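The next part holds the structures, each set out as structure tokens.
What follows is a pair of complexes built around chain A, which joins chain B in one and chain C in the other.
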Partner chain A sequence: MTHQTHAYHMVNPSPWPLTGALSAFLLTSGLIMWFHFYYTLLLATGLLASAMTMFQWWRDVVREGTYQGHHTPPVQKGLRYGMVLFIISEIFFFAGFFWAFYHSSLAPTPQTGGHWPPTGILPLNPMEVPLLNTAVLLASGVTITWAHHSLMEANRKESAQALLMTIALGAYFTYLQMSEYSETSFTISDGIYGSTFFMATGFHGLHVIIGTTFLATCYIRQQMYHFTSSHHFGFEAAAWYWHFVDVVWLFLYISIYWWGS
Partner chain B sequence: MASRLLRGAGALAAQALRARGPNGAAAVRSMASRGGVPSDDDQATGLEREIMLAARKGLDPYNILPPKGASGTKEDPNLVPSVTNKRIVGCICEEDNSTVIWFWLHKGEAQRCPSCGAYYKLVPHQLAH
Partner chain C sequence: MALPLRPLSRGLASAAKEGHGGTGARTWRLLTFVLALPSVALCTLNAYLHSGNRPRPEFIAYPHLRIRTKRFPWGDGNHTLFHNSHVNPLPTGYESP
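== the complex of A and B ==
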């Protein structure tokens, strides 16, 4: 039998890239059908297909790494590069929305009344719930660092507790933000203020939900003893992503909630 | 073709289930003394474990580290292992050179780098396993 003489992982053929591409097609065409014709079946199928793709693809990655030992040091290095590059791409994604906000708010046009916030817009008070949200996310950054150090020190109980606290804080942020959304006097269709506010904070909120889900997955894996004290890249990737989400919020808070009010 | 892809995923599942080793009891005991989180010693498996154990002995069977250069003289050529009769060599003639000199090294007499003249000799290898 011929074995490899290198330390890399030649992945077995897999159907998930194909199902992922198909689900992307269903999601995009589904959005169109929903926006224009109020028809939801395509979108629902796309959401189900993409969720199943993600679950099965990442389940296979866990099987290959944790259960089969394919994640050698060079492979782990590649995964690290991958996560870093992905987060950088997300930074550029948010840069677009911040550009839109600053483009319109730095030089307010006659249409806004020549000032920012535009005439008639009552912004949320940055010293109320938005400030609490800032504290919640900053605290969650502390708890996840605590969880990481506990994991590296092989302390199972504290690592699990700190991770659970991080997840709880993330969920609390989402709950607070959702209640804030119902409190605004403006909607997404209320001019450029509404558009920039809800696009930027909306996508941020989606990323908080994604990050919380990633952390919850880490919690389950930790309970199943997947992580060792020296090899736990899935956890580190989740932590990096979580810190990224926190930093984006800080920029949002300072730019839109505070300076923009 | 789709069925072959699905069979691949199924094989992965079967392998994963069989990969849970028989050392559960020993692993739990050593985990408990540490604080409950397993170590790589407890639970690294497969290629990762093989590389970890070899590295402890100072070995690099999977060529993770770059090869150490010999003096490259006719008497002491750089020995280049190969599983076939030829292998591509990339010579970094002087340290920090960014232009790598690439050439095929064939079985037989030692060849010289076309740029710096260092000697290289192919050493045919059987795959050990």
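== the complex of A and C ==
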């Protein structure tokens, strides 16, 4: 028999899971070599290897789905489950940093002054750039919804325009946060306040960059006619991830920027 | 054996239908230009108006701040990644006057 009589995808053998695992090992040992021995070669190799793995693996998924037709409804359902589970794992990742923040801020130690923010810390005014950041991400949630509906209504021009606006807003957020990081009077080395602030907002910023990259990939694919009005799971996954990033920011804003100031 | 294709159903987001209350692309485009982007513009203006150089806080060598238990793995190991010498003092005080 040369054709399958089921709707599932029996994936061809691929080297990318192995290169992914190897790059993860290089990244972790590379970080240790950098932090403890100031040696960067392992880390650089790991970053290159993981970037190449991601590019080639996801390129193959696009080939399998868009060009070879393997993404039937049950296969797409599996991909949806996968993305949802991944986002849930990311929620747990951020939960750790929020735990650290609340642990430290709900019962401030006498060593830092017995109050929160600790003595000597001048927190950012939540009504200035942080508020702007909130407006930017919320707006990007509106534009990505516009993009999705335009896509479903087969409006190429508007879905491209709305997606581009979403990417621009994501880039604007990153620019604003980077300038905030340069302007704060406190740094990551300023005790528990600095640690919790920069770990939580820093990882969030990294996720904004990842999300923006995902959206940019969707834009390129849309321009290459990969999506149809009824089948565009890559776009939906990017949109879900983007909304997740937005929600994490809202929690950060309310907990760290507003309540914590 | 041919498998029946189950159509993927999505709640309020189905195809071109705007339905009652209008949740189609037209509605979200309107929200973008009438609510979302003006809010960003207003908040940008607000942040810009409130920006500007503030007098920097006096340096007090608190032991719980400017912690250096290990040197940073870049530069001279004594500066944070986004170090701004105007507002970030080193453990020994501000670098620039």
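We take it that the second predicted complex is superposed on the first by the 260 of 261 C-alpha atoms of A that agree within 3 Å, B and C clash if a C-alpha of one lies under 4 Å from a C-alpha of the other, contacts with A are read in each partner's own complex, and residues count from 1 in each chain.
Here, a residue touches a chain if its C-beta (ideal position, glycine included) is under 8 Å from a C-beta of that chain, and two chains touch if they have at least 3 such contacts.
Since the model is a prediction, treat every value here as computed from it, not as a measurement.
By the touch criterion stated above, A:Thr5 is placed in contact with chain B and with chain C alike. Legend: residue contacts after superposition of the two complexes on their common chain; A:Phe35 is shown touching chain C, with no touch to chain B. Look at A:Ser89: by the touch rule set out above, it reaches neither chain B nor chain C.
In the superposition on chain A, contact is made by A:Leu122 with chain C only, not with chain B. With both complexes superposed, C is the one of chain B and chain C in contact with more chain A residues.
Using the contact criterion defined above for the overlaid structures, shared-chain residue A:Asn155 touches chain B and also reaches chain C. Residue contacts after overlaying the shared chain place A:Ile188 against chain C, while chain B stays out of touching range. Overlap of the chain B and chain C interfaces on chain A: residues 5-7, 72-73, 153-155, 229-230. Contact residues on chain C toward chain A in their complex (touch as defined above): 1, 3, 5-8, 13-16, 23-25, 27-29, 31-32, 35-37, 39-40, 42-44, 46-47, 50-51, 56-57, 60, 62, 64-68, 73, 80-84, 87-88. Remark: chain B residues 2, 4-6, 8-9, 11-13, 15-16, 19-20, 31, 34-40, 42-51, 62-64, 83, 127, 129 touch chain A in the complex.
Residue ranges on chain A touching chain B, taken from their complex, read 1-7, 12-16, 18, 56, 60, 63-64, 67-74, 151, 153-157, 159, 225, 227-231. For chain A in complex with chain C, the touching residues are 5-7, 34-35, 38, 72-73, 76, 111-113, 118-122, 125, 127-129, 131-132, 134-136, 138-139, 142-143, 145-146, 148-150, 152-155, 158, 162, 165, 169, 172, 178, 181-191, 194, 229-230.
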